[in-house]
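Input: structures, listed below.
Paired with subunit B in one complex and with subunit C in the other, subunit A is shared by the two complexes that follow.
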Partner chain A sequence: MNHGKMQTQATVGLYAAASALRLSLFILFPALPDLLTGRVEISTPVTSFKRFQEGLFLYNHNVSPYDGGVYHQAPLLLPLFSLLPDPAAYPIFTYLLYIVVDLLSAYALYQIAESGEAASSKLFTSPRKDKRWSGYVVAASFLFSPFTIATCLARPTSVFTTCAILHAIAKAIAGYPLTSMLALSFGAYLSMYPTLLLPPLVLLAYDRQRVDNTTPSLLQFASRCVATVSLCVSLLFSVSYLVTGSWEFIPSTYGIQLTLTDLTPNVGLWWYFFIEMFDSFRSFFLGVFWLHLSSYVGGLSIRIRSQPLVVLTLLLGIFAIFKPYPSISDASLFLAVLPLFRHVFPLMRYSFLTASTILYSTCLGPAFYHLWIYAGSGNANFFYAITLVWSLGLSLLVSDLTFAVLRDEWEVERPEMVGKEIRQI
Partner chain B sequence: MLLLTIQSFFSSLIPIFLFLFCHVRGVSASDYFEQLNLKPLPHLSLLASFDFRSNTTFSQFEAQSYRYFPRSLGQILQHVGTKELHLRFSLGRWDAESWGARPWDGTREGGTGVELWAWLEADTDEEADHKWLTLTNALSGLFCASLNFIDQTRTIRPAMSFRPEGDHPNSTLENTHLLHGVLPHEVVCTENLTPFLKLLPCKGKSGISSLLDGHKLFDASWQSMAIDIRPVCPPSGGECVLEIEQTIDMVLDIERSKRPRGNPIPRPPPGHDLKCNTSKPYHSGDTCFPADLLDSQDWTLDQVFGKTMKGTCPLTDPNVPPVCIQAPERRDVYTTGGVTEYKDPSGLSRCYQIPPDSEFSLVLPRMPREGENAKTDADEMVVPETPLLYAERSFTGHGQERGGVQSILTNPSPDTEVEFIYMESLPWFMRIYLHTLKTRIEGISGNNEDVIEEIYYRPALDRARGTQLELRMRIPPASTVFLTYDFEKTILRYTEYPPDANRGFDVAASVITILPSSDPNAPPARQKTSNLRTTSLLLSLPTPDFSMPYNVIIFTSTAIALAFGGLYNILVRRFVAADEGPEVDVTGIKGKIIHGVMGLLKKIKGAKGKLE
Partner chain C sequence: MSSLSEDPTSTTTITTTTSDNNPSTDNNTKRRKQPPPETPSHIRRRSFIIASFWAIVLFLGLPIWWKTTTIYRADLPLGEMMDWADGKACSPEFPIRVAIDAPDVQANEAESLVRETQQTLDAMKDFPGHRIRLEIPETPMDRAASLNPNSNTALVIRLKQGDAIATTLHPHLPILEVTYPSDSIVPGTSAASSLSTYLATELRSTFSEEQAIMSYLLATSSIPSERRPQDFSQQITESLSKRMTRSLKYSRTYHLTFSLFTSGPSPNSWEIEEAVRQYMDPVLNMLNSIHNFTIDTQVQLYATPGVQSQVLTKEDLSSFINAAEWPLSPSIGGAPTVNFVVYIGNQTIGVGSESETSQSWLIPQWGSVYLLSPPPTDYVPAELLKQPILTFTSHLLSLLGTPQSGSLPMRLSTLTRIRSADLLLRASSSLGSLARLSLALPSISIPPSVADGVAKSMHHLELACASSTSSNNGLEHARIAEEEAERAFFEKSMVGQLYFPDEHKIAVYLPLLGPVGVPLLMGLLNEIRAWKKRRAEKQKAA
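And now, the complex of A and B:
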């Protein structure tokens, strides 16, 4: 009991420290938030806070923000933010909102970590399950990660999606499938790609549901979940329709992710590829890229059926690399759930290589972007090359984690192979 | 024909001074007239304004019976149901600081490049768009200009800025659509002048149009060719006519124009020919402050235009003097023989009636600036009027990611405020942030009242339409307003860049329409609408590497293949210990291949055996 009380105190202290750090950065460096908002690594066309302000301005002046090429974010954010005082005049309210959202995400992460689902799920218990980090450490690594802090300062709307996804996972683990699906619907409504997380999330919720005598079959359960999500999303769409007065927001918010009409540079692989793409092949490759992105869902969900949380983590990593408009905010979400798998870290083969690649591209990315855009001494290939390195580093991390998890599973069958050299055939 | 003769007979009875300086718009008795107005400007410049006006009655126009109205243009107008049309070809910058107010109050000029706006009769927006497309394509062919590039992204429908100039019945105005398109990148050149002259009844063969020459016109410091077509109804009643007015305004640099045609390359004059301002304290044998600009103007008409004027156009209204010059009475002006001079009662201008079939030239000799009969600038030229508003616009910021636009608008009047509409038509790849639109006011009044009264904004849509921004503003007397906003530079697909991608993209001039004053006691210059345009801007966008589409496709595909292949490789394979499972090494593969080949050979042999 005493231990739990101490734990709570420590967590409250952690949240207080994280908010104090963010607040002091906001207040001591007033130019920093706008500087970070302008960075292409953090703000993408579908999440940028500056574009959001423009959309809000147009919305408050009765011009449809979707009848233009600047605003591509979900409609319900507009009335939410128009309740707040003007972000340009009283930025403090916006800052507080973003800090609160970050803390909520950290809280969800804390719950996920404390549940121990990462190391022992319903169908599988890792032999290394005792070697794990507490929720306190996991939440701290999220709250004090430079990527998360930079994201919070730059205020992209992707933090709301992050929060929704983490809560969806936390609620699924806690055994509230309906709440979980509700949270996922919010995520899907805000940025579309969380829809792809639905199959593993349904599996996770199914595995973790309360056991009583009327346990439904997986098929029944899944269809109930899908129905919940569709109902929720259609409800959100209807409310958006009422708010904006037309269906224009659908092509503007989701269509742009499918057609990639805005080619603003970001850390992903799509923008330069589609700048250089020949016009006649554009639609073909858009199809291929989307097919590629969604192809992982099935494969991972089937192969790692026993650990749905692993599938969710891997998918978050894959989205951070291959989504149409990724940013370091997506990478920060992946890196936040990664410490849940502390028990398989010793099985990873390329930890040093991955860490140094990510560090290398984090440092050189802004420098190369500066050389291209401001100094004029480099060209677009500089920044493109660094996004390639970043993507390769992250994809190495994803496949390395997959390897570690699978080997951990395999070692349950072959306990004698622990620490031995193996190969795959 | 008889009717016409009678008409011109009657008109000749009307006293001649009524026709002098008839800038006042109205239906002249004759169906065609032309006039050249010369106005010496400070700094050795000369403004030449050519005005050609012809008209046709609507009944004749409907019957396709053209006399002075150009048939080629008339048929286009009829085909697309154009009620009023304005076309501009412009080059250069009007230096308002030294040249003062613009000719025609700025209503006969366009932004750099080509500008077109028209009122089209159409029931729906789609029909108007379709007609507009037809119109731009037809005009493109007629004027040898790239007007067909005025597509949806360069077309806007101004809400506040433009008003019809002609007399339209209210019933027609209801279903007409105003469309405005601009091509700032278009280089106006001789090939546009030739079709322009062909529309004139005298086609540049005689009259004032014989002075027009591409070499001089497009070498001018500023020039604007305009075509305006509008219906005009006589105030006294009677049949309405369709009027076409063609104007050419040019500011010639006199020294540059006087350069002989055979030796057009400018060379620095030898040291002993330099005119120096000896009053400067540092003047000595090897330092010189050029005194050219302070010098008196000295030119003849054939020198500055490179040709003499070949008589008058026989079709023109004989009562309108074809050439006028705005110069004070004290200025000496000589002409060729047989010319009648009419002096304006104000003493600030004079006109010349020229006998047909005789060559005409005008001589303005150098006026002594020193000595007994010393003359000053005031003796030599009419002091330019102060414009109602000064406007300049520029980019701020650096880098190829984002930038800002700053417009500086100054009201020079010490006591009168000015109300105007500021319109921008921006390309879609310049994403402006309206929430960053700010105004700052500086001036004696100093109070920070809101200068923007009304905003009309239509945001750009990628690859579909450009931004349209119209602001109604009011600037208090003797103040300057700084209007700023931010924008983001879009990176385009590599096929969307022009061949000279790093030159940048032209951004059209902003159009300022000064609204007429509501005060009935205001001076005449404020009683009417006047226009003003800023210069166009050059926007540089970030560029991709144009040389490596294949490389990018290959690299990105490789990265994706590595990730996908690596992950699926791990997913689908079985784990075994390093020493378990089948041998996979070079000898194993060699053995397999040999085994396979042997098997194949056996099969073939077996098949042969069967055949035998």
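And now, the complex of A and C:
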């Protein structure tokens, strides 16, 4: 009891420290939020706070926010923000909102870490399960990660998606499948790609549901979950329709992600490819890229069926690389769930290489972007090259984690092989 | 996820070995141990994984590939399009209707005169597209209507009794006045036949220019040479081609810009509206059935011409317009612009000899320049502008491609026929080019808008062809046909694919789909091989 109380105090202290850090950054460097908002690494056309303000202005003046082709975000964010005082005049309220969202995400992450699902799920228990970080450490690593802080300061709307995904996972683990599906629906409504997380999340919720007499079969359970999500999403769509008065938000928000009409540079791989693409093949390769993104869901869910949380983590990593409009906000989400797998860290082989690649591209990315856009001494290839390195670092991390998890699983089957070098055949 | 043993202390690269590791064999051979057999659940799991990837490829990838890369080729009536281009679909026939107005002559006498003259005309070897048709208006109302400038009648022959055979072209109306001795009208006499021959020759010479232009148009069109007239001299061709290149491309509307450029601060105003109203509007009104005009004017002070010398030589004229500094926009709105520039300065144009000078010149397909000596006041009155505007009017007519002989109404009706023939031929040739293009490039996409344009163009071509007798409708239809044909031929999405051979597709597909496809394919092949092996073993066991 005493321990629990101390734990609570420590967590509250952690949250307070994180909020204080963010608030002081907001207040001591008033130019910093707007500077970060303009960075392509953080703000993409579908999440940018600058574009959001434009949409909000139009919305508050009774003009359709999608007129002008600048705003590509979900319509329900508008009434939420129009409740707040004007972000330009009283930015403090917006800052507070974003800090609260960050803390909520950290809270969900804390719950996920404390559940111990990462190391011992229903169908699998890692032999290394005792070697794990507490929720306190995991939440701290999320709250004090520079990527998370930069994201919070730049205020992209992707933080709401992050929060929704983390809560969906936390609720699934806690045994509330309906709440989990509701949270996922919010994520899917805000940025569309979380829909792909549905299969592993259903598996996770199925494994962690409360045990009672009437346990449904997986198929029944899954169809119930899918029905819940579709119901929630259609409800959100109808409310959006009522708010904006037309269906034009669908082509302007989801259509733009599907067709990639805005080719503003970002840290992802799509924009450069589609700048170079012949027009007649554009739609075909859009299909190829989207299929590539979604093809991992089935394979991973089947292969690592015993650990759905791993599948979710790997998918988050894959999305951070191969999404149409990724930003470091997606990477920060992936890096936030990564510490849950502290127990397999010793099995990872390229930790140093991965860490240095990511650090290297983090430092050089802004520099190369500056050379290209402001100094004019470089060209688009400079920035694209560094985003390739960034994606390489992340994909190394994803594949290394996959390897470590599979090795961990394999060592349960073959206890005699623990600690030996292996080679794939 | 392969790992080579990089640690030198571990001598053997241990693969997934069995647990009962025999030390004697290990020492002697270092041979690789076989992994334990896979459990059936693992085999099934792997099949599922491979199936999940292939399901996406087959059920989503292939339809997407099919849907996004099939080239849409709208059906084009290629045969008919080629017929138009070859002049088979419609031989452009522009009969010229000539009415005979002979109030003093008996009906039967007039009829026989018409018949004989027509026979004489037909006997002259003209090409079929250009025929003169004589007719007698039946009622006085028809007679009055034939003088209406919008009627289909190109010319009225007014027969008058007189002393000897003589003809005069009316200077302002499409009327050929013929006087004849009273005895020559009686049918059957030699005097009568000489009258009819005379009439035929006169008519032919009246329309000789139009005929020459028509022949020229046909000769330069896409119609194969055996279907077009041969007989006209090199000299006429040259002078005609000069005239045709000088004239502007046909458009329903032209924009006329009148500009006053002065070398100094004065004059700074001019009475251009009044001058245009007085001296140019009558002609513009007559042109109304063929073209519309919009007009704007401008005054520019301290304008330096491109050439500063006092007497301009012929070579100087082409560089006189200071295109860099003078605000002469190439085109306002959709309509092509015709520029009329009045330059006030002391320069003159030398025409060969020292004493003679001229004041204006025409710039092909662009407009005309008039050099006006400085007026005494700051203000240019309309009277001073009379000569420039009249010059501009005649230049405008030649820029529009109006033929030079005959009275103005006659010239205009000829212009209508020439323009319709020209547009008809152009549209046909565009259709032919489009048909040849779509045959030559089987991989080019043909969007529905092209098929639509072709259909519209051909519809209007047919209408134009059918109504080429009633000239104004014919011109309008020919114009729409030409517009649609051009639009179809220059469709944006087709032009982009003009130079995209099939071999390039390998370069498009392979860099991405190759690396993705190889593991997919190898996985599938391995899986099938393993499955066959298992089945064979199962059969052996059974």
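In the analysis below, the second predicted complex is superposed on the first by the 425 of 425 C-alpha atoms of A that agree within 3 Å, B and C clash if a C-alpha of one lies under 4 Å from a C-alpha of the other, contacts with A are read in each partner's own complex, and residues count from 1 in each chain.
Everything that follows uses one rule, which is that a residue touches a chain if its C-beta (ideal position, glycine included) is under 8 Å from a C-beta of that chain, and two chains touch if they have at least 3 such contacts.
Worth saying up front: this structure is predicted, and the values here are computed from it rather than measured.
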* subunit C versus subunit B on the shared subunit A, clash or fit after superposition -> clash
* Asked: Thinking of the overlay built on chain A, is A:Pro216 touched by subunit B (first), by subunit C (second), by both, or by neither?
  -> neither
* Can A:Gly245 be said to touch subunit B (first), subunit C (second), both, or neither? -> neither
* Contacts of A:Gly255 with subunit B and subunit C, given as first, second, both or neither -> neither
* Asked: First (subunit B), second (subunit C), both or neither: which does A:Asn379 touch?
  -> first
* Asked: Should A:Gly299 be classified as contacting the first partner (subunit B), the second (subunit C), both, or neither?
  -> both
* Looking at subunit A, which partner touches more of its residues: subunit C or subunit B? -> B
* Touch check for A:Ile422: first (subunit B), second (subunit C), both, or neither? -> both
* Answer with first, second, both or neither: which of subunit B and subunit C does A:Pro85 touch in the superposed model? => neither
* Which partner does A:Glu54 contact after superposing on A: first (subunit B), second (subunit C), both, neither? -> first
* **Which superposed partner A:Asp279 touches (first subunit B, second subunit C, both, neither)** => both
* Where does subunit B run into subunit C after the fit on chain A, at 2-10, 20-28 or 38-46? -> 38-46
* Structure fact -> Contacts of subunit A common to subunit B and subunit C in the A-superposed view 278-279, 292, 295, 299, 303, 399, 402-403, 406, 414, 417, 420-425
* Contacting residues of subunit A [partner subunit C, same complex] -> 278-281, 283-285, 287-288, 291-292, 294-295, 298-299, 302-303, 305, 349, 399, 402-403, 406, 414, 416-417, 420-425
* Complex contacts: residues of subunit B adjacent to subunit A -> 398-402, 428, 431, 433-435, 455, 457-463, 488, 490-495, 542-545, 548-549, 552-553, 555-556, 559-560, 562-564, 566-578, 581-582, 584
* Asked: Which of the residues in subunit A end up touching subunit B in this complex?
  -> 38, 40, 50, 53-54, 56-58, 61, 63, 67-70, 88, 261-265, 269, 271-279, 292, 295-296, 299-300, 303, 318, 321-322, 372-374, 376, 379-381, 384, 388, 391-392, 395-396, 398-399, 402-403, 406-407, 410, 414, 417, 420-425
* What part of subunit C is in contact with subunit A in the complex they form? -> 1-5, 7, 10, 13-16, 19, 35, 45, 48-49, 52-53, 55-57, 60-61, 64-65, 68-69, 445, 496-497, 500, 508, 512-513, 516
